[in-house]
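Next come the structures, one after another.
In what comes next, subunit A is part of two complexes: it sits with subunit B in the first one and with subunit C in the second one.
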Partner chain A sequence: MTTLIRKMMTADSDSTLLVKSLQFLSQRAKAVVLPMVGIAVFLVIWSFAANSIDTSLGKFPGPKAVATQIGNLYHEHQSEREKEAAFYQRQEERNAKRIAKDPGYQPKIRAYTGKETFLDQIGTSLVTVMSGFILAAVIAIPLGIAVGLSKTLNTAINPIIQVFKPVSPLAWLPLVTMVVSAVYVSPEPMFAKSFINSMITVTLCCLWPMVINTSVGVAAINQDWVNVSRVLRLPSLVHVQKIVLPASIPAIFTGMRLSLGIAWMVLIAAEMLAQNPGLGKFVWDEFQNGSSQSLSRIMTAVIVIGFIGFLLDRAMLQLQRLVSWDKESANR
Partner chain B sequence: MFKTIFKQPKHLYRKIMGQALVASLCLSSAMLANHSVAEELGYPEKEELKFGFIKLTDMAPIAIAYEKGYFEDEGLYVTIEAQANWKVLLDGVIDGRLDGAHMLAGQPIAATIGYGTKAEIITPFSMDLNGNGITVSNEIWKQMKGNIPKRPDGKPVHPIKADALKPVVEKYAEEGKPFNMGMVFPVSTHNYELRYWLAAGGIHPGFYAPHKGDTSGKIDAEALLSVTPPPQMPATLEAGTIYGYCVGEPWNQQAVFKGIGVPVVTDYEIWKDNPEKVFGITKSFAEKYPNTTIRLTRALIRAAKWLDENDNANRPEAVKILSQSNYVGADYDVIANSMTGTFEYEKGDKRAVPDFNVFFRYNATYPYYSDAIWYLTQMRRWGQISEDKPDSWYFDVAKKVYRPDIYMKAAKSLVDEKLMAATDFSDLTGEDGFRNPQTHFIDNIVYDGSKPNEYINKFSIGLKSGDKI
Partner chain C sequence: MSILLDISKIDMVFPTPKGDFTALKEVDLKIKKGEFISLIGHSGCGKSTVLNVVAGLLQATKGGVLLNNKEVTEPGPERAVVFQNHSLLPWLTAYQNVELAVKQVFNRKMSKAEMQDWIEHNLRLVHMDHAMHKRPDEISGGMKQRVGIARALAMQPEVLLMDEPFGALDALTRAHMQDSLMEIQDELNNTVIMITHDVDEAVLLSDRIVMMTNGPAATVGEILDVKLERPRDRLSLAQDAEYNRLRSAVLTFLYEKQRKVENIPAQSSSKKTGETGDLQKVDNTNDVDVA
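Up next is the complex of A and B:
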């Protein structure tokens, strides 16, 4: 197509503007059409493959089964919301009745006791992953800066980082669970234990890329800038604030992006085992249920998990572009 | 979405509880002043509760009490949460993460005598009778089918005894292959039922020796039993890790539907109307929140009655509720197969078992001491209790764990408030907690709860008085 346009361009130089805009359009179309073709081919292969895989729970779910399940899950969400409204109404009536009988009673509205819907579980997962990620960032970035600034500290800590970096969340979780249930005791806890467990596991796993990237970024600061700081005799805190931090922002963000990806992957496994009511628990529960719909529901969850992971990465990329002075680093 | 993560602020809760306490004190003193009023059940001390369950159809009373609003009628706001396995569930109740749970009858008993985790757990409510089955893989079924007598129509005669399995187990032993089977927990009904069935057919299921640190239960075993969580049974059988299992529904019917195994016997045939699950709470919970305890028992009794009402008329609706993904979550047809009065053995061999799941009739909900004692006798028989105990010890433990006193208070207040009729509990007036000697066992051995040691000595396989591993 482009070559055709080019031929036209040489043939008729008067319509350069038209041709240019055509060229632009064709590039745009490429950006839209090619992924569409890719997705379409994938859907065809998927439904074909799904049809030929038989499990003890029926056929492997194809695109159609997943589409049905998305409808089902949304419908369940709505009917659960209706039940929730009825629950609050009943509760108010009951409270009113009790006040009539027992005037000293201070009415209280209790949270809905019904099940979490798929949408609720997505919300829980997002909250959990962000809390774990932010906690990791709060620890990792200062640590990374310290390691990057001091060769001695780097040599001392590097082996520890290298050993803990490849540890799977599944190995951490039992330890985290036991420690949390021993240490985190209160009669009316602010957070559910399952949430704390998943969050800490996420933190432990996504800490390392941030530490490494930050320290590498800090260590690789342009020597001229460091010299400027020396000439001005900046105190070390100001040095960090004015020179080190701005200079290593691109590296820090690259690390954060990597970490967020890891955090999201780890979260699903952690939720499965810790029974934190998020997407991981959804997948696990459906696996346990073993109904004829289970596989297609799990497949739906897989696609949703992938999609959210993609969106998280995009969001992080945008943030990086916004904050970073080195626009090039965002494309790495 | 936030409710699961963020709980109510503490000070607010205290304030409200304080006021509620003052109010209830005023109320009770007013009631003391006026003796002519019958003792009225007070408001629940703790209103927000969390109950745990394992994905099995016999959790139905909890689901029904929630869905039919019986908990709310009592002023209880209950959250129901599926647990990963029996150990997690028990630990949850012990450490207070859960206020109460659907438990194996053996769990409160074992916890009280300190086998496994030591904790004082009681039960005011027995959840059901029967409801389990033993399933073997297709391969084993093929081999044992020839040993089973046939009816004129060509279908196997029931009950199928483990005698038919014995040659298969022997063949595996000759080939040097271990014969592995699954059950759900060391002190589960399923462990004792599977052992009972195997031993009745002359297959030794192995002894425990906790005083030597051996809690695997495989000493002298011909069939090796190990723990698998209920919902994973079919998958484990399919993977070939085990050749058979004993589990509650719907996991036997699921094997039929998936075409991976054949249920050979139900626990109804091993011991007619055997007590199965109980509702467990800690003793301290019952002491701290007496009204809440009675109220949750009331809700469960009403739910159980609903499940059995009008000759199981409500069962289809119950199955629909249970098939929701947050409860049992298996397909409607799979759950319905056992809940609505039938049981499918070999594919296509569907037989009527109207009492496969009993929730209310035959006093199913009353916590009989003799039921607790049966579990204790089996713990002794297989060495989980390593030393001889006098009969009085069995009675004492049963009375510590099983609490018909709470049950009767709940029943009485239900009758007083006309929520249930006195005829619903007519058999229970003057009940001493011991069932009459029970005769319906697969090996015809009679069980009399008032003579535990005598009962233990009747078995040919198993520890007897004076034996120690």
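Up next is the complex of A and C:
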């Protein structure tokens, strides 16, 4: 019986192989081709739509205008960098001369204060969002674990979380700004106040999703695992470290991805609103500038913001794959 | 021999939204060192509750459990539990799962090298040394259950508590695991309480079979002494008169004396729901599942 089946299979295997590989190819092709088609259609619609919209600053930017601007912005960045290098070189030469004349002279080094380029603004926004996010994680994950473990704490804190969760962090921004300028006074500040303001705003909006997801994950730990820990009489700290933390990693990551996505959106808005350095400020400045290029530069920024948001989420996903034992949840 | 474990007239009452529910009433059982006890009874009668009280995971409402004349008040590694669904930690390998237990129990009593030897020894005992660096999701159900048993054995418990350890396994794997368990038992002579739904398993493995009455207010119905010689062999026992007498004694208890009277819809015979819709099948099957 089995040999018969095997014979049938070998006779058939050539054609099945062909069909299989064709199917495989078409699947792969689909995964590549369909998004390409989608993008192409989008570009066509976009350029048509752009062509037919007239604004007081000229036509709405189409794909071509954006492509040109990407080139422009990059060149501006490079020439700015060259200027900066030249500035420092001149300064050094000047100082060297003074020292040659007068060995007791203490050289003054002044920082270059050129305009921030688009790439600088991207860097600023990225650093801000990551700092705020990490600060939030440092606070929210331990707090979430504590709330998840203790029913008492949960009952006590839950109303506060529920009330603050729906508040847009932008509403906090004026308060944060005032508090920071009142509290953060030092003669030689390590960070700019604007950076601190943006960062705290990011932290505020990351906090709640992380606390909630972590605590829900911790509270929902498989009772069997808790029983294993009880039978072993694991001390509380070991229990948290060996059982609770790994068990709730998937939930923690869900919270982190959620809040990083929100944080990126909120940060751009906060930068626009508060004129803090970053991509938001770039957009706002271009808008105020109102030159014929402004709209295409803003459109470029919009697309870059989207890409960065996408990449941030991918990066979190990769991190989750690296850390989590639960490969299933990392694929969602 | 003296009494190692004394389950002394325990009552267990669960508070529920519909009022108190008395799950156990005056369950009383004395177990000697080295004895292998099976707990058998219909689904939902309270077997797991008894085991959890002995483990210390639940506190009896009345009465108590004495181990070596000391009252049990909390869980501890001297009463190791093998849970029904293995409950291995999925982020640790088989080795690390056992290691977690060994590190906790033999902290400062063993050197690092001794610990490693001991972990590997226990995994070898359940024939899992070849896959000890695999994670639970990379091994089969039977293998997971073996690791769960290795983890419990590695604690060197005074009493080993097993809640339907082979319940989720197919019949062949289960037979295999029973043979392994008998082998280990010959070597270590542990004191064991095992919950089972399988009549053959109970007769094959036990020194005594404790049959529980139906709940609510379940208690010990009858206790059957199994005086079959060890080592036991399932094939030759199949013809053995004493074996068959014991087997039918258990079946009689379950299906005549403690026959479930409640009416269950005809479709509910799946094992998962744990109900007794398939009473008719009892006569013509060899591997009787009470659930």
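Keep this in mind: the second predicted complex is superposed on the first by the 308 of 332 C-alpha atoms of A that agree within 3 Å, B and C clash if a C-alpha of one lies under 4 Å from a C-alpha of the other, contacts with A are read in each partner's own complex, and residues count from 1 in each chain.
Simple rule for what comes next: a contact is a pair of C-beta atoms (placed from the backbone, for glycine too) under 8 Å apart; a residue touches a chain by one contact, two chains touch by 3 or more.
Computed from a prediction, not measured in an experiment: that's the story for all the values here.
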| query | subunit B versus subunit C on the shared subunit A, clash or fit? | reply | fit
| query | In the superposed arrangement, does A:175 touch subunit B (first), subunit C (second), both or neither? | reply | neither
| message | In the overlaid three-chain picture, which partner chain does A:275 touch, first (subunit B) or second (subunit C), both, or neither? | response | first
| query | For A:127, is the partner it touches subunit B (first), subunit C (second), both, or none of the two (neither)? | reply | first
| For A:43, is the partner it touches subunit B (first), subunit C (second), both, or none of the two (neither)? | neither
| task | Report the partner of subunit A that touches more of its residues: subunit B or subunit C. | result | B
| request: Classify the contacts of A:192 with the two partner chains as first (subunit B alone), second (subunit C alone), both, or neither. | output: first
| Which holds for A:113: it touches subunit B only (first), subunit C only (second), both, or neither? | first
| query | At the CA centre of subunit A, how far apart in angle are the CA centres of subunit B and subunit C, to the nearest 10 degrees? | reply | 150
| query | Does subunit B (first) or subunit C (second) touch A:99, or do both, or does neither? | reply | neither
| request: State the minimum pairwise Cα distance, in Å, between subunit B and subunit C in the overlaid complexes. | output: 39
| request: Would you please give the residues of subunit A that touch subunit B in one complex and also touch subunit C in the other complex? | output: none
| message | Could you list, by residue number, the parts of subunit A that touch subunit B in their complex? | response | 56-57, 90-91, 94, 98, 102, 104-106, 108, 110-113, 115-116, 119-121, 123-124, 127-128, 181, 186-193, 195, 275, 277, 285-286, 288-294, 297
| In the complex, subunit B residues that touch subunit A | 1-8, 10, 13, 15-16, 19-20, 22-23, 26-27, 43, 47-48, 55, 66, 69, 72, 75, 77-80, 82-84, 95, 97, 231-232, 234-235, 238, 254, 258-260, 323-326, 328-331, 334
| What does subunit A use to touch subunit C in their complex? | 222, 224-225, 227-228, 230-234, 238, 242-243, 246-247, 249, 325-326
| remark: Residue positions on subunit C within touch of subunit A in the complex are 55-57, 74-77, 79-81, 83, 85, 87, 89-91, 100-101, 104-105, 135, 155
